[in-house]
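Shared chain: subunit A. Partners: subunit B in the first complex, subunit C in the second.
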Partner chain A sequence: MLELVEISKEFRTGFLGKNVKQAVLDATLCVDRGEIVGLIGESGCGKSTLGRIAVKLLMPSSGRIILDGVDVTDMPEKRFREFRRQVQIIFQHPETALDPQYTLLESILESFNKIGIPESEQKDMLLDISEEVNLPLDIIDRHPNQVSGGEIQRAVLTRVFAFEPKYLILDEPTSMLDVSVQAHILQLLKKKAKQDNVGMLFISHDLEVIRAMCDRVAVMKEGRILEEGDTSKMFLSPKSGYMKQLLVNSD
Partner chain B sequence: MQRAASICEVLKNMEIIERKWFRSLNIGRFTEQIPFSPIKTIGISILIALVFIAIAAPYIAPHDPEKTGIPYQSPSTDHFLGTNDLGQDIFSELLYASRTSLVVGFLAAIISIVIGVSVGLMAGYYRGWVGELLMGMTDVFLLIPGLPLMIILAAYLSPSMWNIIPVIGLLWWCSTARVVHSRVLQVREMQFIESTRALGYSDSYILHKHVLANTKEVIYAKFSLAVASAMLAEASLSFLGLGDPLNISWGEMIHFAFTRGGFANDMWWWYLPPGLMICITVLAFVLITMESRKESRLVELI
Partner chain C sequence: MSQGGLLVVRGLSVAFKTQKGTVQAIDGIDLDLNENETLAIVGESGCGKSVLGHAIMRLLDDIAVVRGSVLFRDKEVYEMETTALLNLRGGLISLVPQSPSSSFNPVIKIGKQIEELIEKAGKEKGIGARKRAVEYLSMAGFSQPEQIYESYPHRLSGGMCERALIAMALSVEPELVIADEPTKGLDALSRKNILGMLHKLAKDASMIMITHDLKAAETCGRIAVMYSGEIVEEGPTGIVLNNPRHVYTKGLIDAQPSRGMKPIKGRHNLFSHNALGCRFKERCDAASSECSNHPLLNIVEDCRKVRCCHA
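After this line comes the complex of A and B, so read on.
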């Protein structure tokens, strides 16, 4: 289980850190394996920050990150690298998700090499995963600026799935894609979660997507988690006024 | 039947991958990355010609540039550009001087680029107090009036080429540092940096493979301009008489033309050619950098 316990994060800017911006405040959230947890909230409410903290791309100001019972919060980066394989993140903007200098294949190989897969097995692995994520093989020698957003996102999935992660943080992975591609990728992610027992934290502001994808939902506003519960319950009878308002607005 | 078809499909895919694999690991890609551009080609050809002249000077120079003869001769078939006050052949001197000018230009530019890129990269990538300190230092260096300080340093140190190179190099890195710094700030905010870190790669790998790779066209452009400005700086110093008297450069040729009666006697064949050579060389470097920004893959994202 990936647990985020009472996470707070403040950003300090300006001279000697005079301006303090509280991005996340006392957020507690856990993701079990095989479960998809939705995190909704408007832009700037701190949901992406929380996602980045979960993979330790950002350090929390206070609070604990517990990965399968191991407290990894203060673990030095060098030791944490072994755990990186277990928790992966996918970002929103496909156009900057891969380095424009390299072809899709080179970017994918980057992750294969990290795991240390021998060159002789890399081809089979690529065939396997690309079939799973529907990545057309005739485009893998192109650069990211020569393929579509959906194709990049599939390449990113190939890169990440190679790690066989136990947990995936999805930071609005489909919000920049067109509807049909979005549906494909969402199906694929859902299948992956159930089949391979991957726990997912699905960050989005799209209520429909959350409703279709998630087992549980948490609502975030101004850095706090207001409410958390099963998807059906949350959508039928929300307790917090904010969630009610969101539902009304989306209708 | 269906099974056979799917096996066929897989085999076809295998073949495709095999081919792409080969291509993506092949150096052949290096050439296809550089699109043909006439302006760049002109610049590169001029540069190759200049380097050839510098290397082959002893074989193509008609006279020994040190050998004295009848002074102040006008251009003739024997002496294309006449002779100077000591009767040395100016054309041969011009060919030999390209060696000093190019060596000073390249070495000083390499020093300035190495310092500038390291400072800009570190300051941009680590930010925080490291960045503040490094960029503060850069600002201080930028505030120092370069040419006067160079003149003072060059005057105090013995007038040798090997003193002039580090003096120019150490004073010319600031603008490179600034440009690299601002590009690194843009690159480090991109998601591929974060996702590579999430894969578990170290900072040095990310710096080298992703940050530097996306900064390289700025560095190439800056290097090329640094060579040009280092050559101009060397020419200014030499013109002021602070050059290396044992290794005559183009700037020094103008200096001698000025102090030994070339200008007074209106001997244009003495002072004009070295000036033109400086112009042509600087122009060649500028032409090379001219179109590189358009080719950048990263710029499309910014």
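After this line comes the complex of A and C, so read on.
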């Protein structure tokens, strides 16, 4: 289980860091293997910050990150590397997710090399995963600016799935994609979660997507988690006024 | 001779020559837009909807090969002299471009950029232009418009930049607004606010909204669905979305998360215009031998056109 316990994060800006912005405040959330947990809220509510903290791309100001019972919060980077493979993140903007100077294939092979997959096995692995994520092999020699957002997102998934992650943080993975491409990617992620027992934290502001994808949902406002529960209950009988307001706005 | 409508597009085609062959971005588009009418153009990425918006304003690069005619108030846009063209763009027709964050000049304050457009369009000058810029920022929902006026673009979020762009586009009181993906990547509340504000500010203008968001398209009176550079279905929005006649329109509707998230099979091919017959046939479950003939955009009922031999 990936547990985020009483996480707070503040950012200091301005002269000598006098301006304090409290991005996340006492947020507690857990994601179990095979479960998809939605995290919703307006832009700027702190949901992406919490997602980045879960993979230690940002360090929390206070609180603990516990991965399968091991507290990894203050673990040195060298030791944390083996855990980092288990928790991967996918970002919102596909066009900025890959190195623009590399072809899709070079980016994918970079991750294979990082994992230490021998060259003789790389081709078979590429064929396996590209089939799973439906990445057309005739485009992998292209650069990111020569393919569509959906195709980049599939290349990103190929890189990420190679690590065989136990948990995935999905930060608005489909908000920049067309509705039909979005449907392809979402179906793929849902299948992955259930088939390979991958726990997913699905960050989105699109309530329809959250409702279709998630088992549980947490609502965030101004850095705090206001409410959490089963998706169906949250959508049918929300307790917080804020969730009710979000539901009205999404109609 | 007058043909009626504010905008009359006939047989508009745009091709780009690439190393891998010619890409026919749009092909034989016919469109009519009347005064105070709102039209949504929907379709997948690469279907040509943004190229169509830019082609109407004659904004395409020199490498684009454009054929056909665009009449705005009975004047041919592709025969206009530079002065008339500059008067048309940012005066009579305003574009709200995609990618709000990269559409402003990053080193000039937001307000100055709006003011510059107002002055260039000859609407106001000096203090008058400044007042109008602040007024439109206020109408765009900013509670402290003076502060936004003095802000550089990087200080604004995506939603705020979009609102500022809409304020800029509408500050010259255009007759036609072309809004390219105004809700892309925005949260539900921002999307609702942006759409409400866009329709409110453009109440005296006609609007073409280019979008892949069917919920945004619902706010427009008419809808045109594009696939591979062609319009495949067109009609009143409510009727088309409630009772789609083209398999592609049905596919787009069913791909929405609220409708079961069913993906359309296959993928969009940029070169599908080279294939004979219906361009959607490779992805269509209803395809038959009849589909090897290229279908025309036929009128199937009042105000409703569909490009499918099975419709």
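Convention: the second predicted complex is superposed on the first by the 251 of 251 C-alpha atoms of A that agree within 3 Å, B and C clash if a C-alpha of one lies under 4 Å from a C-alpha of the other, contacts with A are read in each partner's own complex, and residues count from 1 in each chain.
Simple rule for what comes next: a residue touches a chain if its C-beta (ideal position, glycine included) is under 8 Å from a C-beta of that chain, and two chains touch if they have at least 3 such contacts.
Since this is a predicted model, take the numbers as computed values, not measurements.
Peer 1: Touch check for A:Ile89: first (subunit B), second (subunit C), both, or neither?
Peer 2: So A:Ile89 only meets subunit B here.
Peer 1: Is A:Arg224 touching anything from subunit B or subunit C once the two structures are fitted on A? First, second, both or neither.
Peer 2: neither
Peer 1: Touch check for A:His143: first (subunit B), second (subunit C), both, or neither?
Peer 2: In the superposition, A:His143 touches subunit B alone.
Peer 1: After superposition on the shared chain, which partner residues are touched by A:Arg33: those of subunit B (first), subunit C (second), both, or neither?
Peer 2: In the superposed model, A:Arg33 contacts neither subunit B nor subunit C.
Peer 1: Considering only the touch criterion stated at the top, classify A:Arg64 as touching first (subunit B), second (subunit C), both, or neither.
Peer 2: Neither partner.
Peer 1: Applying the document's definition of touching, compare subunit B and subunit C: which contacts more of subunit A?
Peer 2: Counted on subunit A, the partner with more touching residues turns out to be B.
Peer 1: After the superposition on A, what does A:Glu42 contact: first (subunit B), second (subunit C), both or neither?
Peer 2: second
Peer 1: With the touch criterion stated at the top, can you tell me which subunit A residues are shared between the subunit B interface and the subunit C interface?
Peer 2: 92
Peer 1: Touching residues of subunit B toward subunit A in the complex: what are they?
Peer 2: The contact residues of subunit B facing subunit A are 10, 13-14, 16-18, 20-21, 23-24, 190-192, 194-202, 209-210, 213-214, 297-298, 300-301.
Peer 1: Quick check: in the complex, which residue numbers of subunit C touch subunit A?
Peer 2: Per the stated touch rule, the residues are 44-46, 157-159, 184-190, 192, 212-214, 251-252, 255-258, 261-264, 267.
Peer 1: Which positions of subunit A touch subunit B when the two form their complex?
Peer 2: Against subunit B, the touching part of subunit A is residues 52, 55, 57, 81-82, 84-85, 88-93, 95-103, 105-107, 110-111, 114, 123, 126-127, 137-138, 140-141, 143, 145, 156, 159, 163.
Peer 1: Write out the stretch or stretches of subunit A touching subunit C in their complex.
Peer 2: Its residues touching subunit C are 42-44, 92, 136, 148-150, 172, 175-184, 186-187, 205-209, 211-213, 246, 249-250.
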